[in-house]
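Here chain A shows up in two complexes: once beside chain B, once beside chain C.
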Partner chain A sequence: MYRKLVVIGDVGAGKSTLIRTLSEIETVDTDVTSSKNIGKPLTTVGIDYGRITLGEGDAIGLYGVPGQKRYSFIWDMVKEDIWACILLVKAEHLRAPDKLIDLINVFINDKEYCPLAIGVTHTDIKAINQVVIQKVLQEKGVNAPVFSVDARKKQSSLLLLHTLLSMHNANDFSKRENMA
Partner chain B sequence: MKKEEINKLFEGLLNKYFDLKMVSLCTSDGFGILHQSRLDDEVELDRVSAITSSLVSLGNASSKQIIGGNLHSTIVETDNGNLLIKKLKLAEKELVLSIVTSKKMLLGEANYLITMCAKNIALM
Partner chain C sequence: MSSVKDYMWNTLCMPDLHPELKGMAYKLDYWPDFGRVTYKHSFIDLCALLSTQYVSYQQLKSFSGCSDETISHLLNTLKTSNLLSTKPVTNDRVPGTNPFSLAGYKEKLMSFLRSAYGRNEQSSAELVRGA
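Presenting the complex of A and B:
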């Protein structure tokens, strides 16, 4: 089975880094020099693609998409048949939560089951109460587990992946229970 | 940036080559700078910029990871005409130039046209 995992989030949240950290292949990297001051030298203009093999014929494809609206043609390319979604938020800001919700909805709307896990990055630089982020999103109708992660670290990044696998397992289990 | 000069260059090209349908310049991270078009369906500069910057970055990834060597251009061929995209540098800034030509213009000619155009801009 091939599962599509999409990573979304603000510019600089760590999407490209997370995919590089998790991928077992050299990632397809479309970072270029940023012409505006966005707090980092590089920005992603295409797609980040990486891959994780789980077992024979069983793999997860990692797709990082730029969050800027003008790249919505990439959202359209990626949004079909998504298995799960990771939202990365930089600890310094939860800028424009409505935009994030819209972005989330592009990917997980209309899906029968598509779990979402939220990673708050850069918490080593700025401590932030994750519950606050969780609450803001909850008020907008998005219920998802929130973790503090460092996208540069493998163990930390894997936490998000394991959470999504568990959420799928739990969902499969309850589906079976209901049928019995 | 020499916007005026580039605009004039674009205008001159569109006047000279009837089969040139669009010329567009943006930054390598997809912000539009200049755009002239006589396509039937007018496209917005923002959209062209986002798409061409993505394609160039993927062309770059292909040249690095599959072919090896430096990227010259990224080409999209359709039955309605061709889109050619090229990276260039102006005043230390990475830019992306793209043109759309009708199917009447041969790919080689289109490639020559965008190469000349890129050279002219880089000299400004």
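Presenting the complex of A and C:
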């Protein structure tokens, strides 16, 4: 079975890099030259795509999706039947964590359990207090781990992927325990 | 982060479960920042379970299959870091007697992670050095 892992985040947050790190196949990167100076020469205009093949018909598809509202037509194409979600935020863009709620709610809904993990990138440049961020999000009803990550590092991408799998397992386990 | 907490994450030798934690059920208030501390990979599994609801020591064991040393190490460190709530275990039904095992794609994804981790059972806080 094919499962969708969606990576949401603003331009420059590290989506393409993370998906490249995680995916063993060549990712389809739709970066094109941007006329606007955003601190890097290329910007994603569409979806990044990668894949983790697990054998015997199982695979995790990785979708990088831009977080700005003007890309909501792309959100509509990927937001159904998501297995898990990673939100990447650049540390310097994290002034108001509650602003992330609307975006999170597009992808996380009550239909089916879908774990969310938040990776804050560029923390090598600006450190964060991730407990404060978790607190603000919890007050808005979002329970999600927040980690300092570096999209360029394999360790960070494994941390995020492992966390999402563990959250699924924990959800299964606690369902089992509560039925017993 | 204070040096005591850093020390607790980093140490390989952890004494028994703190007396205040014995006979309690535990719940994770906030996740630790695994991007900034040294952690055993199984801590991720344990934290995920602790974040769902109050769970007992037995449930942690049955879910994760982790050693007592690993579970005590995590609980002691979470408590010291103010990330853990506790309450006395109320019902003494022995929960989770059947060990939890992964199947299907979850088992395959776990093997994918294990092979990516290689021989390492833990990851160190490489981000701290860049900060």
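In this text, the second predicted complex is superposed on the first by the 171 of 180 C-alpha atoms of A that agree within 3 Å, B and C clash if a C-alpha of one lies under 4 Å from a C-alpha of the other, contacts with A are read in each partner's own complex, and residues count from 1 in each chain.
The definition used in the following text is that contacts are C-beta pairs under 8 Å (C-beta built on N, C-alpha and C of every residue); 3 or more make two chains touch, one makes a residue touch a chain.
The shown structure was predicted, so the numbers you read here are calculated from the model rather than taken from an experiment.
After superposition on the shared chain, chain A has more residues touched by C, the comparison being chain B against chain C. Contact with chain C, but none with chain B, is seen for A:K154 once the two complexes are overlaid on the shared chain. When both complexes are overlaid on chain A, the residue A:R70 reaches chain B alone and has no touch with chain C. Of the two partner chains placed by the overlay, only chain B lies in contact with A:G46; chain C stays clear of it. Touching of chain A by both chain B and chain C, each in its own complex, is seen for no residue at all. On the chain A side of its complex with chain B, the touching residues are 26, 28-36, 43, 45-47, 68, 70-71, 73-74.
Taken in their complex, chain B has these residues touching chain A: 27-31, 46-47, 49-51, 53-55, 57-58, 60-61, 65, 93-94. Within the complex formed with chain A, the chain C residues making contact are 30-31, 33-36, 41, 44-45, 47-49, 51-53, 55, 59, 63, 83, 95-96, 100, 102, 104-106, 108-110, 112-113, 116-117, 123, 126-127, 130-131.
The touching residues of chain A, when paired with chain C in their complex, are 1, 3, 52, 54-56, 58, 60, 119-120, 123-124, 127, 130-131, 134-135, 143, 145-150, 153-156, 158-159, 161-163, 165-174, 176-177, 180.
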